[in-house]
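Letters are used for the chains, namely A, B, C and D, taken in the order the chains are written, and counting of residues starts over at 1 for each.
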Amino acid sequence: MLNYITTGESHGRYMAVILEGMPSGLGVDMDYINGELRRRQGGFGRGGRQKIEADYVEIMGGVIRKKTTGAPIGLLLKNKDHTVDVLPSIERPRPGHADLAGSLKYHQDIRAVLERSSARETAMRVAVGAVCKLFLKEFGIDIAGHVTRIGPVAIPKEALSVNEIRRLTKGSLVNCVCRKTEQAMIRLIEKAQKQKDTLGGKYEIRAEGLPIGLGSYVHYERKIDAQLAQILMSQQSAKAVEIGAGDQLASLWGSEAHDEVFYSKTRGYYHKTNRAGGIEGGMTNGEAVVVKVTMKPIATLARPLSSVNMKTRKAEKADFERSDFCAVPAGSVIGESLVAYVLARSFLEKFGGDSMREIRRNYDGYLRQVRA
Amino acid sequence: MLNYITTGESHGRYMAVILEGMPSGLGVDMDYINGELRRRQGGFGRGGRQKIEADYVEIMGGVIRKKTTGAPIGLLLKNKDHTVDVLPSIERPRPGHADLAGSLKYHQDIRAVLERSSARETAMRVAVGAVCKLFLKEFGIDIAGHVTRIGPVAIPKEALSVNEIRRLTKGSLVNCVCRKTEQAMIRLIEKAQKQKDTLGGKYEIRAEGLPIGLGSYVHYERKIDAQLAQILMSQQSAKAVEIGAGDQLASLWGSEAHDEVFYSKTRGYYHKTNRAGGIEGGMTNGEAVVVKVTMKPIATLARPLSSVNMKTRKAEKADFERSDFCAVPAGSVIGESLVAYVLARSFLEKFGGDSMREIRRNYDGYLRQVRA
Amino acid sequence: MLNYITTGESHGRYMAVILEGMPSGLGVDMDYINGELRRRQGGFGRGGRQKIEADYVEIMGGVIRKKTTGAPIGLLLKNKDHTVDVLPSIERPRPGHADLAGSLKYHQDIRAVLERSSARETAMRVAVGAVCKLFLKEFGIDIAGHVTRIGPVAIPKEALSVNEIRRLTKGSLVNCVCRKTEQAMIRLIEKAQKQKDTLGGKYEIRAEGLPIGLGSYVHYERKIDAQLAQILMSQQSAKAVEIGAGDQLASLWGSEAHDEVFYSKTRGYYHKTNRAGGIEGGMTNGEAVVVKVTMKPIATLARPLSSVNMKTRKAEKADFERSDFCAVPAGSVIGESLVAYVLARSFLEKFGGDSMREIRRNYDGYLRQVRA
Amino acid sequence: MLNYITTGESHGRYMAVILEGMPSGLGVDMDYINGELRRRQGGFGRGGRQKIEADYVEIMGGVIRKKTTGAPIGLLLKNKDHTVDVLPSIERPRPGHADLAGSLKYHQDIRAVLERSSARETAMRVAVGAVCKLFLKEFGIDIAGHVTRIGPVAIPKEALSVNEIRRLTKGSLVNCVCRKTEQAMIRLIEKAQKQKDTLGGKYEIRAEGLPIGLGSYVHYERKIDAQLAQILMSQQSAKAVEIGAGDQLASLWGSEAHDEVFYSKTRGYYHKTNRAGGIEGGMTNGEAVVVKVTMKPIATLARPLSSVNMKTRKAEKADFERSDFCAVPAGSVIGESLVAYVLARSFLEKFGGDSMREIRRNYDGYLRQVRA
């Protein structure tokens, strides 16, 4: 089963990831992968770090002559700022962070906690996601994310296609599909900077081109909505995950909440609505998969909150580390990657196969079967 | 690692579960476990099935003289209605269910899909949760859930303790802490019954008494919020999972969104607020764990939605199976069980040990450490 | 991934297993499965228990109208002798058993250890193996095992096909392919009974009809020889596992030890020898998979060995439980089941798919590919 | 649970490994780790490659100021010879290697198979093992391996302690405890070099200082002998794994085959013999863990075996790649690492805990318990 482990600290010499389970024969476009890393670094409201260095990764293994070989894929990022061994210790945990619990659990300085719990680790998860996107693209599966809310400022509700999302967010400083909303978001972030405060928000991810039947209802670990919820909630700052209409479904009548089934020769089975977000019974139902994630405001404040000095047990203000003011635009790029990983994993589980050629054949056979 | 598999169909002869990874020496109170099964069966708005039979389970293994032995624990439920092999086939998938995708994916009749995807399987998950609750109770960890919304009817917002939840929901037909809201909920369900429609809603689960440091930030699979999101989203009908203030955190300033840290000799580190729902950096932070789940309305309608006959490909109304009108009260009992399972798993992972005696010793040592 | 958990004690009311990951559409022949359970109970040298009751299992789930549905398959065995809760405690650990370590580790009476560590649990593993054999049979994969040694008495060396093994062991009381050796084995077992001693031995399992390329070299957990070694060493009493010529390969020159590669239009790639036991680089190479397992003599002796009373710490003879004198014939049946499970798991991983129809199509496509 | 993935090819730019699950607070002695890598490179009978470069690894993550932090530990090795992208394709699979099956399975050139299936990957597994040895050392657990046979030349049988093994193998060119046997082994390897042939053999690994009760009988995946068999059989060239007296136990009477139990106040429970190799019922029994591994002769011969050109399907001699003549001495170093990994994993599973301090406390408590 597709599987990965990341390593590396925020200010360590390296960050790296090993991804196990990719088939052979997939073309690996390093420019694409590094482009995705750059997308993660963008977004109005980022702090100083992103300007220091443009992230890029090298291959450690699993790729020969630009094609995957079926072996574990290793990707390596070299940090320019690698001062982790000489950075000062931290004594005042930042509310909202891993600092307090991490320090007590692992019986170590907050520095060691901060360095690993930092969202910098998501650079590696974006690299994994980029490989998964390259894989999914081969089967016509496409993913895009966009920011739907920053603080109280939200976009008007409308369902957009992946292409529309990509077109409308192009050039947006906050990965937003609506220029007017974008302006309001930027003003809000500027206000946050001035007030030394931070902001959270929401983003939406949409994946199109999925076959019917990824995931399963037979065992809870196989449910694709559960897998998506897990991966998305594992993102730093995530506090809510919704599938399709999500939270709003609580208030509707059953007769309004489900997506009726239709059939046509050209399209096969289809739906005219997509309240389910493309998932029923823990499986893709052929419609676009739509998920929404809520991110809390960044927990590192330039105007720190009340905390306790863990050496003296005296009340003091929390420590401050260089940080962003709003990470939701970056979060939406990371979210795409997380969704890509789960979809690629489910796809590989369903279709088996060790080479792109074999998977393609298995996939085509299944499509013929479900359309017959 | 704690792990389970359930088996059985809605109308099969048996349902069963095997739970692997429980330590030895835990007292197994079958009355408690069967009481939990009865709680799941209750709730205003259930259909006919719950009246047929009171679920109860027997031990298949892992328990000798009412104590666990460390071996896999098997629990067996005998269905009185076991007609699965003679039930008619189903041709018109119900929108909102696993029917369409499940039938195409597994290349079989919808009957075989329905029998397994049905929420009846949750009886086994409640049985697992009951064992986990017995385990957690030994360490002073207590869990309670309650319904916070049915359709548009919601309780007034207030943070309640586990004891208050248990006291206030006592006798409630919809597991609601507010009698006035309960009345409105019941009227709404009666309306649904009359209109042959269904309802969804939301519930909240609260767990108290947890040590600081369950889960971890070091690897995404270890994050306890991600594990909770996975298990809760795997529940039939779940469409959104929130941790703590969840969705509302998107709109707040950072300065309002986090829980400041305090210290006192008697309490150790603590917080005066709990917007984080007891989880920071993928770890418990010593406060109550609070999660919220949105359930969509039941997808089986007595006044069926539009569908397609999978034999003829003609448009027809969906098939109808005996069903509930509102499953949120039962959902809140199931949610308790799911949370109990994840917390017990994390607890066992953190403290290791094979017998209750050993775990107790490890646990006490850790508590002394973090308080020192 | 195919996965199972068993539950139940030697003298418990039930034994059961849940097998997760089987596809839909496989015919489940209960007579075949129960026939396999009977095979396990046979063999000259078994103790009294096997005469008490003929094991048979019922379906708990995952099968409707004699076909698998893709849901977890539950199998239930009802013990006639279910006295576990009233059996006396045991104080003197039997050397060679789990008794001493199990009692200390789990801080409980040896009775609770013995009941679970007993080889009676293998009845459930044979049931799992029988389902896997039914699956493999659909793809022309066939498995047979036979006893090659009991104590010092061994069969003459020769490579036999699955059909020959099956034909030659037919009616053998010790699952031996050579009548003359069988006689010597039986005499030896009779001697063991008289002397109140026990015997071990070796068995060989052979699987034919496997495609090239199950398992993989890319990651250690994917190696099929490693998976076979794990499952076979997990059998009660197993102390050595060999693949192909195994232990003997240590003494050969490289030029004598490997299987040269040939090609013909009708057979594709093939080998004229099979020292590798059908596995190279952690993958099946198209030849028969051959494994050998060494079982130590049964550890429960009617003339008990020296031990210590765990209550008094005084030296005493070990406790005695009703037991067999030689379990190698039964062991060879269990070994077939264990091999079947690993092969089915690898097969499903390689070919993906959720229904027999889909897997068949994927499999045929791959066979065409490797032969092209 | 302790878990790792390696990446990298034999002639790639990098090799790397990420190890997940180590606690915080373990001192990481890079000189020790790199010393272990050097030990793997030694041994009479190695080919040219080992002379090119002395392997050493750098930290990618998980270690700050020479202490582990609980985060995944990344180790990076930079190959001096990194020509993988320009090496010629290979058309004639080497019998005994992954070449044929790997090329067909992954639908790619043998080059891509060879680069990953090569035993060079074991450098990373030795690095993992070195970290695990550092961990085990903190609890007084010590591991040593030695070569017991090369081709027909074997050491005289005797049970040696870890200290004796270490002392007697010191300076040995083939990691052999007996100088006389060593001379015969070296002469044999020289003969192999002259004849352009290769050799296999056997090695033994011994681990001392283990507590009673690592592993378990309750579920097959928890059995420590099964886990050892898996990891050892996953080593390149391994064809047999034995626990304790292993294969020889098949021929003994039960009364001769088991280790009687004794007790003394100073030692607690103990045994005077160790035929079981320190494992009964899938658990450590307090005696030294002893395992034996058979390695087949190296499959790459300078005087190649018969093969088939996969482009033309014509019979031709196999391709030749630079290789060793005998890898058993290196194999014994790798075997130590593999055993160390499994023991550390079981240790961590049994004792839980996130920091060395916590694990120490849990461990000490258990020791007091089992001795009480």
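To be clear about the criterion, contacts are C-beta pairs under 8 Å (C-beta built on N, C-alpha and C of every residue); 3 or more make two chains touch, one makes a residue touch a chain.
If you're wondering where the values come from, they're calculated on a predicted model, not measured in any experiment.
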item: Over-half contact-pair match to B-C, picked out of the listed pairs A-D, B-D or C-D; value: A-D
item: Between the pairs A-C and A-B, the one where more C-beta pairs touch; value: A-B
item: Centre-to-centre distance between chain D and chain A (centres being mean Cα positions), rounded to whole Å; value: 38
item: Inter-centroid spacing, chain B versus chain A (mean Cα positions, whole Å); value: 26
item: Distance between chain centroids, defined by C-alpha means - chain A, chain C (Å); value: 44
item: Junction residues of chain B - those touching two or more other chains; value: 5-6, 20, 69-72, 105, 107, 113, 116, 213, 216, 218-219, 350, 354, 357-358, 369
item: Pairwise touch network: line, ring, star, complete, or other; value: complete
item: Partner chain B, residues of chain D touching it in the complex; value: 1, 20, 69-72, 213, 216, 218-219, 348-354, 357-358, 361-362, 365-366, 369
item: For the chain C and chain B complex, residues of the former touching the latter; value: 3-9, 12-18, 20, 23-25, 58-62, 64-65, 67, 69-74, 76, 84-85, 105-108, 111-113, 115-116, 354-355, 357-358
item: Residue numbers on chain D that touch chain C, as the complex places them; value: 5-6, 93, 95-102, 104-105, 107, 113, 116-117, 125, 149, 151-152, 192, 195, 197-202, 212-213, 216-221, 223, 225-234, 238-247, 249-255, 257-263, 269, 271, 276-277, 280-286, 294-299, 301, 303, 305-308, 313, 315, 318, 369-370
